[in-house]
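Next come two complexes built around chain A: one with chain B, the other with chain C.
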Partner chain A sequence: MSARLDVKKTYKLYIDGEFPRSESGRSYVVADAKGGFLANASQASRKDARDAVRAARSAFGGWSGRTAYNRGQVVYRIAEVLESRRDQFEAELRSSEGVTPAKARTFVDAAIDRLVWYAGWADKIAQVVGGANPVAGPYFNHSAPEPSGVIAIIAPAGPLLGLVSVVAPVIACGNTCVVIASEPHPLTAITLAEVMATSDLPGGVVNVLTGSVAEIAPWLASHSDVNGIDLTGVNDPDLGRTLEEAAAENLKRVRRPGLEDLLATPALDRMTKFLETKTVWHPMGL
Partner chain B sequence: MPNNSAQFEYAPAPESPAIVDIKPSYGLFIDGEFVDGHGKSFKTISPSTEEVLAEVAEANDADVDLAVKAARRAYTRVWSKMSGAERGKYLFRIARIIQERAREFAVLESIDNGKPIKETRDVDIPLVAAHFFYYGGWADKLEYALPGNGNRGADPQPLGVAGQVIPWNFPLLMLAWKIAPALACGNTVVLKPAETTPLTALLFAEVCQQADLPPGVVNIITGAGETGRAIVAHPGVDKVAFTGSTDVGRAIAKAVAGTNKRVTLELGGKAANIVFDDAPLDQAIEGIVNGIFFNQGHVCCAGSRLLVQESVADEVIAKLKRRMKTLRVGDPLDKNTDIGAINSAEQLAKIRELSDIGEAEGAGRWSPACDLPQTGFWFPPTIFTGVSQAHRIAREEIFGPVLSILTFRTPKEAVEKANNTPFGLSAGIWTDKGSRILWMASQLRAGVVWSNTFNRFDPASPFGGYKESGYGREGGRHGLEAYLR
Partner chain C sequence: MTTLKATAPPVGPDPSAAFADATASESALRRFLHGLPGVDQVGAEQRAAALGTRSIKTTAKAFALDLAIRMVDLTTLEGMDTHGKVKALCAKAMHPDPTDPGCPSTAAVCVYPDMVATAKKALGSSEVHVAAVATAFPSGRAALDIKLADTADAVEAGADEIDMVIDRGAFLSGRYLEVFEEILAVRAACARPDGGHAHLKVIFETGELQTYDNVRRASWLAMMAGAHFIKTSTGKVQPAATLPVTMIMLEAVRDFREATGQMVGVKPAGGIRHSKDAIKYLVTVNEIAGEDWLDPDWFRFGASTLLNDLLMQRSRMRTGHYSGPDYVTLD
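What follows is the complex of A and B.
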């Protein structure tokens, strides 16, 4: 009698709500915490990045046009589905990063709670950063935030909490994004994509690429249909400067490299960096 | 049913009441459990059939004391110590359970209140869930909520125990307006629903149990005016929130004078709905109808005074009459019903009395032909033309489907007339000219101004009055101020 053989999952990319392999046909080996073979991850190419930007752009109109209340509900739904699959995420964090069970639990808890935190912000950020402006004249004048558009994100190392912490603020405010997952720990990002794909999040709002940051990020930084770039996960200062220079070409909004304490309450600039302020004037009179 | 020419023949489309399970009697919800009251009990009836629905406990002083003490214990031991994020998660749970049980709540609200199922299903209950969802999100963001506090380490604190007394016109929605912000800010509550509409509040108590809300955080005690007075007067109550009549609001303001209790009051209104000659008239007619006939006119912000520019007055009145002929008055559970039952015999008597006075004072009364059911409390949609500012129907809140129509010539005259009231809750402006909307809005002494729309509500939008319509705001970021220090 032979033991049952596991059916292993193929890890692919997440683009436009689907899970394609890299068009390049490439993959790279992801090691577990002890250096052993864990899985092959798709190695995304320049073309995959461009496909992802196109998907994010197509999704932007619909997503940014939803009511803030509705976006909040969808982000909350991601938290609900993540909670229901928490065992899987704890197991993945332990095998890929080698963290203790208690630590894995802490990260999963924090990731779920962070989604809930941003779900609440969806319909509140405008009330905190917007408002009436008392101009000196007979005019109604009002400012309100609007999402910048398509945001490229280089995710930091924490495969679950890190990814959630950079993606949730961006989408809660109505942006869409292309995120490059942590290069050494990409698998949890794809599992999280499975959660997002089943949480009423429209295809294309979040697109996840796995592969080499140094290879893909420059194409996103120089892409003219990308409106902002979050360099949180960039560890190499030279690469950071190169990306920022490329981003300057079409004046992308840039969040510079550097990661705050992920377990602390996030600062509002994770949202405001990728928000435009729109001010509307209208005369008042008979 | 005899038909009048403007109405299509509709087959009845009744929503089944089978989904609700009304118990023969209800106790008080104190410290997480239903307990017997120490006082008498009273009956709640269906205003559309006068059928007794259930026997409900009337909380006396001892019961109020128990509820306030339970709320205090829950505040001290659990709720004020819990992180905002965790409090928020309870509110999200409550929001989700209400979404899950939406049909049940919609039917029960319609039965107990008499309002059309169309409204409870599409307005009341979705807004209730949205309110809990919205304030759930604030619970861990309070340091960003108040002016000057953002990002500077300010640490707003809850007040303690909130005593909340709500009216019968939007029973569960008013509960949500009161409980959601109070809990989000870390307060615990003792809430009294109106004596004619206690059932959805009692079903909400069950939701609190399903959500595993810690006992004592929400206490729901039923009763009439005496119970409300006892809550307001109880020394263990730190904050009083009331929605209801201006007279009771005044009494509450006097009762808390000289104490440290914080108060917010959302009281009566006599809103002007102002129609200019350049308004999109068909759209305005819908807004006028929605403004005064929504919820049988039992709406504190109802557009009960129509101010129409003289040059289009005849046209507007003719169109309005034509539209009113298509309104369906009847069974609240019928999905085609536009106007349901008046909530109580007492309210019906008040509407009749003021309408008779309107006629006696010389205003022209008109209602479309409509057959009202034999049992239950009913009043046809009614308009009065030729109303002057001195008429009582132009000055007093009727709180029924009765519209007083006045005319004006210039925008300034419209402002004068609109503001000529002790109330200041809401107003409506209908014109195609944006600059005029904004000028009018700046001149009107009212807390909510609807432009080319009316009776819109959203948890993100602050609501509340100027002048004798009360003070404090509910909804939006501003709604948090009432529950923080």
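What follows is the complex of A and C.
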């Protein structure tokens, strides 16, 4: 009997709930921690980004229209499915980043916990940052946070925890997003997309692109149908500045934090940055 | 019914004289239509798919987008249409992109007959035509005199173009002469008292014709009856326009011009939503029928959502960044 051949996995993009190759047909080599060949990943083009924005836009109505409680359940479901595949993620983290088994376990634990944390926030953020305002008149006056729309995210380097840290707050609040995964470590991002695809998250709510940040990000930053951009993963100050300028063109909400400790408990601003406060006056009496 | 042909006033050049033998009787007409060469289904689909792979970029793309906008018959055919909606549509047809004075207007707006007067008034002296769907659109299931009254009514209200549907039931059961004479009768009803006439587009509803052979036969039947345009579908039946069907109709108008010297226009309608699809159709027009048809007088798109996508693409080429649905009208 001949030796069994390896079944090599092709890492593709995640757009509109499907796993297409890049429209451009390009791919790039992803190296493991020691610099050897690990896998090929799709190298997304600006047209993939455009398709992803279109998918995110069409998913927005349905996703933002769900009850906050239900969105929390879906995000919690992602944590459940991730938990059941933790061995795979630990192995991928070890091969791609060369971390120790203990460290890999810590990252996966943190990623799962982070999802559960944001799942809990989904139906609580409105009470915390919204409220009833006392006004001088016979009116009820309420402020309620509402999702902004389509958010473009440049994910930070920590492949699993980094991606979860930027995506979970955005979708828990009812936004949809297009994420450019970490350029040197895109594989866990695509594996995480497989988790999302099988955990009741509607197609198009999260779209994951892999490839060159410098190539794709400017198109997302200048895209008129993107409502916000999270530049957490942009390390090059020149690129960051260009992106901020492009984003100003249609008044996108921009989040550009400095270096962040991903393992620390996150601040609420990841959620509030992409929420818009709507205030309603309602006559009282009668 | 046969007397209609004799009494029909001359409405544009009448090709029926050239085919007097073929249309003399039911059996002669059947012999002629069934004598047309059959369509190789696999070959046609492969050819259409191959034409769809052409890459059109930069200046050629800019040209194609503007041409496609000029070819759009901006359509609203809903039971819930209101006068206000038709007026809004007319405003959009005249100035598709109000932020850019260089943006061309569409070829026409396409409405139900009762909206023609509203559209005509809203369009004023602009060059945008008013097309009306008549003859018991979309099913075509009404008595002939009702269809003719429907048509005459739309023409009287000022329609520049009439989109009629053929009786698919009669066509599919082989009563070709009945279909032929009905087209002649509607064509006669397109005449205006001042001696002019509304252009006649004949809709086949190719999604109901079952085979490509039938599409070719219907094309010839309508062209022999003097249609100015042949149109794929009403947009109410799936599948609507497809590239292979449009290609076969383009072959028919090309062959018809070779046989008679007369040009007939083609209008795919329904299901064309993206600029990329529109450009595929334009490539097909150029390759099959020829450059002469790359003109709003000879090729049209029956569409509503397509225009927004064309405008977004146009804006993308003009500004260098992607536009979004927030920047075009909701219709």
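Quick note on the criterion: the second predicted complex is superposed on the first by the 279 of 286 C-alpha atoms of A that agree within 3 Å, B and C clash if a C-alpha of one lies under 4 Å from a C-alpha of the other, contacts with A are read in each partner's own complex, and residues count from 1 in each chain.
Keep in mind that, in the parts below, a contact is a pair of C-beta atoms (placed from the backbone, for glycine too) under 8 Å apart; a residue touches a chain by one contact, two chains touch by 3 or more.
Just so it is clear, the model here is predicted, and its values are computed rather than measured.
Enquirer: Does the chain A-based superposition show chain B and chain C clashing or fitting?
Expert: Verdict on chain A: chain B and chain C fit.
Enquirer: A:Glu245 in the overlay: touching chain B, chain C, both, or neither? Say first, second, both or neither.
Expert: In the superposition, A:Glu245 contacts neither chain B nor chain C.
Enquirer: After the superposition on A, what does A:Trp117 contact: first (chain B), second (chain C), both or neither?
Expert: Only chain B is touched by A:Trp117; chain C is not.
Enquirer: After superposing on chain A, what angle in degrees do the C-alpha centres of chain B and chain C form at the C-alpha centre of chain A, to the nearest 10?
Expert: 100
Enquirer: Quick one: chain B or chain C, who's touching more of chain A?
Expert: Touching more residues of chain A than the other partner does is B.
Enquirer: Scan A:Asp87 for contacts with chain B and chain C and give back first, second, both or neither.
Expert: After superposition on chain A, A:Asp87 lies in contact with neither partner.
Enquirer: Is A:Asp236 touching the first partner chain B, the second partner chain C, both, or neither of them?
Expert: Neither: A:Asp236 stays clear of chain B and chain C.
Enquirer: Under the stated touch criterion, which partner chain does A:Glu276 make contact with: chain B (first), chain C (second), both, or neither?
Expert: Neither partner.
Enquirer: Figure out whether A:Ser222 sits in contact with chain B (first) or chain C (second), or with both, or with neither.
Expert: After superposition on chain A, A:Ser222 lies in contact with chain C alone.
Enquirer: Between chain B and chain C, what minimal C-alpha to C-alpha distance in angstrom results from the superposition?
Expert: 27
Enquirer: Which of the residues in chain A come into contact with chain C in the complex?
Expert: Touching chain C: residues 50, 53, 57, 219, 222-226, 246, 249 of chain A.
Enquirer: Which residues of chain C touch chain A in their complex?
Expert: It comes out as residues 320-327.
Enquirer: For the complex, which residues does chain B have touching chain A?
Expert: 85, 88-89, 92, 130, 133-134, 136-141, 144-145, 150-151, 411, 434-436, 438-439, 441-442, 459-460, 476-477
Enquirer: Flag every residue of chain A that touches chain B in the complex, lowest number first.
Expert: 68-69, 72-73, 76, 113, 116-117, 119-124, 127-128, 138, 140, 267-268, 282-286
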